[in-house]
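What follows are several structures.
Consider the two complexes below, in which chain A is the common component and chain B and chain C are the respective partners.
After this line comes the complex of A and B, so read on.
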């Protein structure tokens, strides 16, 4: 599997899509100037903008690389040669997944480092009222990467059932939008104001909440921006959630892909 | 042990509007080690389906097959196989050298042997100069040669080649034939599909003809050529020193030779006129269709 991971990472580094998305990272050095638009919370704004930009870049990478990785291999007939090697389809699929996942982690680490330089510069010029909690910022970037690794698993699953890139790309985007809102919807239908909804709607919303991935669980931006302490239990639970949910998605993807005819 | 054993292999695809297409019907075939087997058939006959099934790319609807004694359902069956797909495509962001390294590592070659084999293969296939360029800059023929390179890199016992001559110029085709004959000499099995009958004639030990998913015939090429003799061209020198050429049907050769001798002539050359493999192939196709 390591060989597949290696060529996947190599392929992404040489991919035009990656080069295009990387251009967005050029906005990071502009953040110190843009942050000064905030008269009072310059450092907080720089942290917010840095983390949001990193999150956006990782989202684009997860959707486009995750959604096209398998599809491109099948479309361009690379699978005929690769799957005829003495490897299982599951190995190939997981190799592709872990290759992109590794790349997301590398990108998050590099962008996180650049962001920390940006925030350090801003904090030096405009000392914040609260000290910057670096651990929270690093954990926020790491959990953002985890969030998009989970989204990547969704994209891989869509790729195994689709013969075009529409489902992997647009299905993944839809899953992201729904999965990011599911927590709020769940909280609403279980609040007192949500009681006006019919029981059927509330049950459907609850079922969707448990079935769909909950991306908001990975969002630590508030903790990073305002230095709010993190709950160790919550972090461990979120990591377990990622592992279990991704394992289920990838298992289903592997079963579907193993049955797929390479005509 | 046979290199390839196919037993009752069938494949049915789902067609449009709930129709079913029988791409392979109860195909049984064995190919020995050290044998070059040509798999001949018109477009859509089932050649690629057979090969893809052998390589685990398509699951058979019925039947089984083994490569070097290992059932094709296991990835281990592919450990001793080199496979060239039809119109191959490889990760075009990699160079030929990188791709061969990837394939060699997947087959478990140690780095030192891999480097040695890679150099040999790249030089043999005349890709040495272009080895560091990404494959997206290669011509179709060069990609085909990379395909052959990834077949040969781990020195497999069985080579399964789907239209290996496709996209190659005459020099490239001669090179492929040379490689096939070299593989045979080293006791390897070569199973290849082709449309080009001349290629089968020049390198194959046996030929299988497939039509509409059914194996029509498996023959030794030598037998076809022997059986296919329909007559002889005799070059004669008469008593005056002049030469003439005479065509004699197969059954009349003895009589013709005696007659020439009686007349004081001399036979300087006898050339058989045979039905080509193409004629044999076309006879089968016409017989099946008509």
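After this line comes the complex of A and C, so read on.
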């Protein structure tokens, strides 16, 4: 499996999709000048913009690499040669997943480092009212990477059931939007103003909330930007959630992939 | 050589077409840009969708969307100030500005820019003090460490609403959060209405000192200059009153009697005068003259 992980990471570095998406990272050095538009929170704005850009780049990578990785192999019939090797399909699938996941972590680390340089420059020129809480910023980038690793698992699951790249790409984007809003919908449905909805709608929304991935849990931007304290218990629970949810998705994907007919 | 010129000849037509299209673009871009520049504010932004919808669409980019809304408001306001040598010609659409700021703080309740803009502009130029105080109370729930918000609220209660117990309460809070004795002193002084002008000046100085944005800084220092001019006249009036036992009838009388070196200019273009009870006032009412858009 480690060979497949290695091959996957190497392959991505040569991938044109990756090169295109990397262009977006060229915006990072522009952040110090854009941040000066803020009236009272220049440093905070630089943190906001850096984290948003990192999150956006990781989203694109997760969707496009996750959605096309398996599909490309099948389209180019690489799967035949790979699966003739003495490895199971599950190993192959997991290898691909962990390869892209590792790549996301590497990208997050590199972009996080560049962002910390950017924020340091801005904070030096425009000292913020409250000191920058670096641990929260690093944790926020790490959890962004976790969030997109979970999304990657969704993309891999879609890839195993689909014969084209449409479902993996657009299905993953939809899953991201729905999963980011599910907490708000749940909160609204259970608030006093949500009581006007019919009980059926409320129950359906609650059921979906438990089934769909909850991406808002991984969003630590407020803690990173404004130095709002984090809860250790919440952090640990979120990591457990990621591990269990991704494992469920991957095991379903592995079952489907093993049963799938390769033409 | 011949092959090269043949190659160029084959390209002549597409080149001509491209050139023609570039000319067309040149013809249309100027009217297009002027149309976009003159579009009304609300049209420019479109109307804001409901906050719940906005929050769902924004996914994990809520903070950026919120800051974007605030910068839209700031640029709109800055654009108005920039026209006609600093005089506001088009009446600003304060309703739309206020709506956008409220939307922004619901997306990102921690964003200081929104509270700051509301306090620096909306409170002074429109009678939205109560609305601003609600906004500040909302912000205090989130920015629980920030002494600026109770400082703003205390000022609003004291200066605009003349609710001195409330003003003192918020100044005390600002004093506790900042550890700054000044605010606690202000809280006490606020109970004394005579100190109002001094307080307003102290307040505006604090606001202007932290203003990193040029438009904001100019707006605040203009107001500061006007208030300092009014304080100078007020001091002269008091001196006149102490010496003669009666109130001066006009600002000019203070000049002739030697209590003023010169009559200060109102940076808003108005004229200072003394009301019947001796209060210093100005015909500009501390705002740029607003003309209706032609």
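Just so it is clear, the second predicted complex is superposed on the first by the 263 of 263 C-alpha atoms of A that agree within 3 Å, B and C clash if a C-alpha of one lies under 4 Å from a C-alpha of the other, contacts with A are read in each partner's own complex, and residues count from 1 in each chain.
Note that in this section contacts are C-beta pairs under 8 Å (C-beta built on N, C-alpha and C of every residue); 3 or more make two chains touch, one makes a residue touch a chain.
For clarity, every value in this text was computed on a predicted model and none was experimentally measured.
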item	value
Superposition on chain A - do chain B and chain C clash or fit	fit
Chain B versus chain C as contact partner of A:165, first or second or both or neither	neither
Partner chain in contact with A:245 - chain B first, chain C second, else both or neither	neither
Partner chain(s) touched by A:184 [first = chain B, second = chain C, both, neither]	second
Touched partner set for A:14, first chain B, second chain C, both or neither	first
First (chain B), second (chain C), both or neither touched by A:85	first
Chain A-centred angle between chain C and chain B, computed on Cα centres after superposition, in steps of 10 °	150
Chain B versus chain C as contact partner of A:225, first or second or both or neither	second
Which of chain B and chain C A:176 touches, first, second, both or neither	second
Greater residue coverage of chain A in the superposed arrangement, chain B or chain C	C
Minimum C-alpha separation between chain B and chain C after superposing on chain A, in Å	30
Residues of chain B touching chain A in the complex	13, 52, 55-59, 75-76, 78-79, 81, 83, 85, 87-94, 98, 102-103, 105-107, 134, 147, 150
For the chain A and chain C complex, residues of the former touching the latter	36-42, 44-45, 48-49, 52, 55-56, 126, 129-130, 144, 147, 176-177, 180-181, 184-185, 188, 215-216, 219, 221-222, 225-226, 228
In the complex with chain A, residue positions of chain C that touch it	52, 55-57, 59-64, 67, 71, 74, 108, 110-113, 116-117, 143, 145-146, 210-213, 216
Sites on chain A touched by chain B in the complex	3, 6-7, 10-11, 14-15, 76-81, 83-88, 259, 261-263
